[in-house]
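Here chain A shows up in two complexes: once beside chain B, once beside chain C.
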Partner chain A sequence: MLPSALLLLALVVVPLFLLVYFGLLAGPGVDGPVTGEEWARIAGQPDLYGRLLVRSLVLGLAATVLTILVAWPTAWALSRHVRRLRSLYLALVIIPHLTSSLLLIYAMYVLIAPGGPLMAALTGVGLAEPGDTLLFTRWAVLLMLAYLFLPFMVMALYAAVERIDDTVLDAARSLGAGAWQRFRHVVLPLTVPGMLAGLVIVFTPAAGAFVEARILGGTDGMMFGTLISEQVSRVNNQPRAAAMSVILLVAILVLLGGVRATLRRAFPGALRGGR
Partner chain B sequence: MATNTAAPPESTAAPASSGDVGGPRPDGHGRARRQRRGWLAWLWLVLGVVYTPVLVVMVLSFNASRYGTLPFAFTAEWYVALAGNDALISATGRSLVLSTSVAAVAAALGTALALWMVRFARSGATLFTALLTTAITIPWLILAVAMLLVANAVGVGRGLPLLFLGSLAVAMPYVVLVVVARLQGLGTELEQAARSLGARPLTAFRLVTLPLIGKSVLSGTLLAFIITFNNFPIHFFLAPFGFNTLPMEIYTFVLSGYDPDINALATVLISVAVGLGLVLLAVARRRGGDATATSRLQEMWG
Partner chain C sequence: MADLRLDEVWMSYSPEGPPVLRGLSIDVADGEFYAMVGPSGSGKTSILKVLGGFVAPDAGRVVLDGSDVSGVPPERRDLGIVFQSYALFPHLTVGENVGFGLRMRRVRAREQRAEVTRLLALVGLPEMEARYPDELSGGQQQRVALARALVTRPKALLLDEPLSALDRKIRQEMQVELRRIQREAGVTAIIVTHDQEEALALGDRLMVLDAGEVRQEGRPAEVYSHPRSRFVATFLGSANLLPATVDAVEPSRIDLGGLPAHGLILPEGSRTGDRVTVCVRPERWRLAGDDGAAPDGLALRATVRSVQLSGQVGECRLDSELGELALTVLSSQVARLEEGVEVSLHAAPDDVHVLEEPAAEPTEATEATAPAGSRP
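Right after this comes the complex of A and B.
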């Protein structure tokens, strides 16, 4: 317990707090005097930093919504319509994601490349012009993030759907609730905690992503995280990377809190006594 | 787990279901079967989407064209090229060594911490749970940058010790959470029974508790291995220059575009993952238990 505590303290807690301090230093290293000039520089370029921050948050939210839309019916189908092969289906959804995510990013790159299989198919059915491509756009990044984090959402929602007692549905039916009413007023509110758990484990890494955007996004799909990583790996402006990390982290936490509060208001009672 | 799937409640989300009144329906049976077929079709559609990029790469790994162009002509030369690609092979070796050692240490430290949290910690447990959840939910990019900057400030910089410790700090919380979930459902009665029969604390732990939590320790270790193998941001910022892990090596290859060697590598690795996953599943099934890996993951996320 002591070594574990020291490890987490020294490598997670202390570094996260020190980020605030590092952000105030004068670059390029982390040994300069405290000036706060990087904050001033970041604030002075809202068209770059603000725009990319908003894009990261929007991409993260959009990816979360997309995964919910796909994962909800999947979780329901797994929980209510498959019995014997359930673990097999679940495993099949998860397994490709147990290899390196870089391989999956590469696979998506090949799939959506100009002249690649997806574009060829879309052109074939007349949905795209020859020469069109998704690659190096923000749509490619969105697709990738949703693809990468889909299994997490499936597991979070599956756990929530699995817990719904069938007698509750029978009760609603015997009281005259139709299929839509049962969904809207019984089933959906009961899965809100699952959606919230999914939100945390999908939105946070998605909004903090950088490799996906670096490989698939081009300039159109550049994210805040990409900029952070380049401050460290190329530009070597470590205080700015620290300040930007603080901004991203705070933005993610604020947005998570906001969505949570909104859901709480939209589904009163759904989160009572919950996590 | 409730497993009544024979009589599914009407699809609540399916657009096809017309919201009728309750009560017995004349053709309830055929209707339920049709609905079930619809849900299965959706499952297969999702699986199709998940496997499309993977299958495309697998097919192209046997295509003769260096640029992935059609028409398709069969070849195995990319596998021969992969076997001779020293950069990729030594990177795979480095990744395996790193992930195995991190997973082993994470298992030992994580299990100890989990035991302490459940058995001995009074108020500390809540604090630790908060700490562990924080460690899990911070984006890896931000964690990696924070660790690197601290290492730079201290004067250590990138290096193997930092890479190892950073990977460990990210992976260990997952082991703890998986084992804690199991321990909380266990209680201390059996261990106390062993103690009252004269077993020393360590013997009681070894003979009673460890076998009971063994499966969850194993799942946690597996999870730690996968996470470490996969953790590109930590590798990218903490690994010493010249020590490229597999994800880093793939990253440099991918930045230069389409590469048939990577197709072959992806095919091999994904086949291994699918094969291993299915074997583990079959073993878990034969033992009559629930599918361990997935159910533990659910416990964690749920």
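Right after this comes the complex of A and C.
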């Protein structure tokens, strides 16, 4: 076997098998018999596990959409408008994220706390009452996740936008396409592969996030990942945590597959073959 | 279909920068195939950008179909453009690429399909509709680009070095095809190229461009056989350029360093004593018998220095009293021209062009691609 295949086996396949195996044990602890009872327990409480799973997936997807909305114009501007200062701007996008993500989370905490800069500004323009706060809501988690994974989406889209040949846009123009038509029929389809790459990079960790939810989310912003981490760190029921991880993993894969299939139908030419 | 005109167009890419187009005027008739040829940096692509509306000229007018379109953006100029890189939409099939212009104009789907089929048949690519551009060869992509540009029945077709990315054999095939398609579509076409062969083969009319100015314009055969400047003589094909002095005007007599030439047509306003350049195309020399008579035109003796056979023709270098000369003969004649053989060359008055500019060097025999300096 090739060394790379061995590496893949040791670092990905074996741990995945272990995860599935641990999930079938009876908890707590990892020395119980294989019964599958943790799966039954999870299935028996859909209002807790099901609800949080759906919330995690929705928050992850919403965060991805938010990053696309912010990153798309950013990537376009980086590739078309700031040719000379491009590296500087790219660095400015990345540098804040070189610090610990915990620091970023607490920075967000200060920003959205009652009377914090963001809330004060929102109050100033009449969008919030004094004393209102996003803190300890799912909106705080969404904002945090979008901010945290933004640079990945900028990079993914920048790579896609940068590859678009200007003469292709000139050609569309000469064929009668106005600005909106050029965007809709040429630029957007050509960046779909980049968006899909960004989706995988952003959605997967965002849907599995737990630190952000625990610090900023309160009960309103609790996520599936929060529950998993509690099973490990507080309840000490590793088999339950393993079973939940498998569920989250499968749910993420199914959702990514669904989005990919939908995009492939909508933009058949942009996503053909192995792209 | 329409006529197309540039009136005294000046253009530069930056306000302080040197002008790329210097008061350029061209006038292309309805249905004409107009070729612009020039070295890189001569402003060819800039002309297309101005015509296409991608760049606004600093001064002058662009007139399409009788009306000034200077302020009209590219998407409303109704021109078909074939780009050097083809610029096909990589995410669309061949059929969708060709139909793009109709789709932008919201033509009904059934009509779109019929037109796409018609155009793909015209360019010789039937049954390729479902392929993607990256599954086609360069020549096929070229045809798709052409079909896409023609599908909206544009007022004129602009071609930017359309054949430069193809290999030689396909390029010659496409030249013939391009001519056929342009005639069948009956569309006014403007091609810019740096390839003199392409320009000579394709254009109804030819314009030689240099440094943003028209150097010479006319039918290709006429421009080729009657160059009016050293630039045109050497850029289109090869030329022997010989320094000379006007001895007499009426009847004309020209002195090439002691060797006289009679009966040549002098540039207008020539006077006795003017320093001029005499130009003879290498393939216009005739190998004359040694009959002793002094005919009109230019006659001299030369010794073969080297012969290089390249397919149908042989390229020879000769030493003469005027310095090194280039001679091109059909390959059937090459056998007579061994190294060291002395031959008599004669060029008829119509094949000897007197150019106003004095020669830069005492003697030179130049070729379009690689100028060879004189080596006495």
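Going forward, the second predicted complex is superposed on the first by the 261 of 275 C-alpha atoms of A that agree within 3 Å, B and C clash if a C-alpha of one lies under 4 Å from a C-alpha of the other, contacts with A are read in each partner's own complex, and residues count from 1 in each chain.
By our rule, contacts are C-beta pairs under 8 Å (C-beta built on N, C-alpha and C of every residue); 3 or more make two chains touch, one makes a residue touch a chain.
This is a predicted model, so every value here is computed, not measured.
Enquirer: Look at A:H185 in the shared chain and tell me whether it touches chain B only, chain C only, both, or neither; answer first, second, both or neither.
Expert: Second partner only, chain C.
Enquirer: A:F267 contacts which: chain B (first), chain C (second), both, neither?
Expert: So A:F267 only meets chain C here.
Enquirer: For A:V93, is the partner it touches chain B (first), chain C (second), both, or none of the two (neither)?
Expert: first
Enquirer: Quick one: is A:A209 in contact with chain B, with chain C, with both, or with neither? Answer first, second, both or neither.
Expert: first
Enquirer: Would you check which partner chain A:A171 touches, where first means chain B only, second means chain C only, and both and neither mean what they say?
Expert: second
Enquirer: In this superposition, which partner touches a larger number of chain A residues, chain B or chain C?
Expert: B
Enquirer: After the superposition on A, what does A:T64 contact: first (chain B), second (chain C), both or neither?
Expert: In the superposition, A:T64 touches no partner, neither chain B nor chain C.
Enquirer: What is the shared patch of chain A, the residues that chain B and chain C both contact?
Expert: The overlap between the chain B and chain C interfaces on chain A comprises residues 165, 170, 173-174, 176, 178, 181.
Enquirer: Once bound in the complex, which stretches of chain C touch chain A?
Expert: Result: residues 52, 54, 73-81, 83-85, 87-93, 96, 100-101, 103-105, 132, 148-149, 152 of chain C touch chain A.
Enquirer: Inside the complex, what are the residues of chain B that reach chain A?
Expert: For this pair, the touching residues of chain B are 1-6, 8-13, 17-22, 35-36, 39-40, 42-43, 46-47, 49-54, 56-57, 60, 68-69, 109-110, 112-113, 116-117, 121, 128, 131-132, 134-135, 137-143, 145-150, 152-153, 165-166, 168-169, 172-173, 176, 226, 229-230, 232-233, 236-237, 246-247, 250-251, 253-255, 258, 262-263, 265-266, 269-270, 273-274, 277-278, 281, 284-285, 290-291, 293-295, 297-298, 301-302.
Enquirer: Mind listing the chain A positions that touch chain B in their complex?
Expert: Contact set of chain A toward chain B: 1, 3-5, 7-8, 11-16, 18-19, 22, 29-31, 70, 72-74, 76-78, 80-83, 87-96, 98-111, 113, 115-117, 147, 150, 152, 155-156, 158-160, 162-163, 165-166, 169-170, 173-174, 176, 178-183, 187, 194, 197-198, 200-201, 204-205, 207-211, 214-215, 225, 228-229, 232-233, 238, 241-242, 245, 248-249, 252.
Enquirer: Please output the residues of chain A touching chain C within their complex, sorted ascending.
Expert: Those in contact with chain C are residues 165, 167-168, 170-178, 181, 185-186, 189-190, 267, 269-270, 272.
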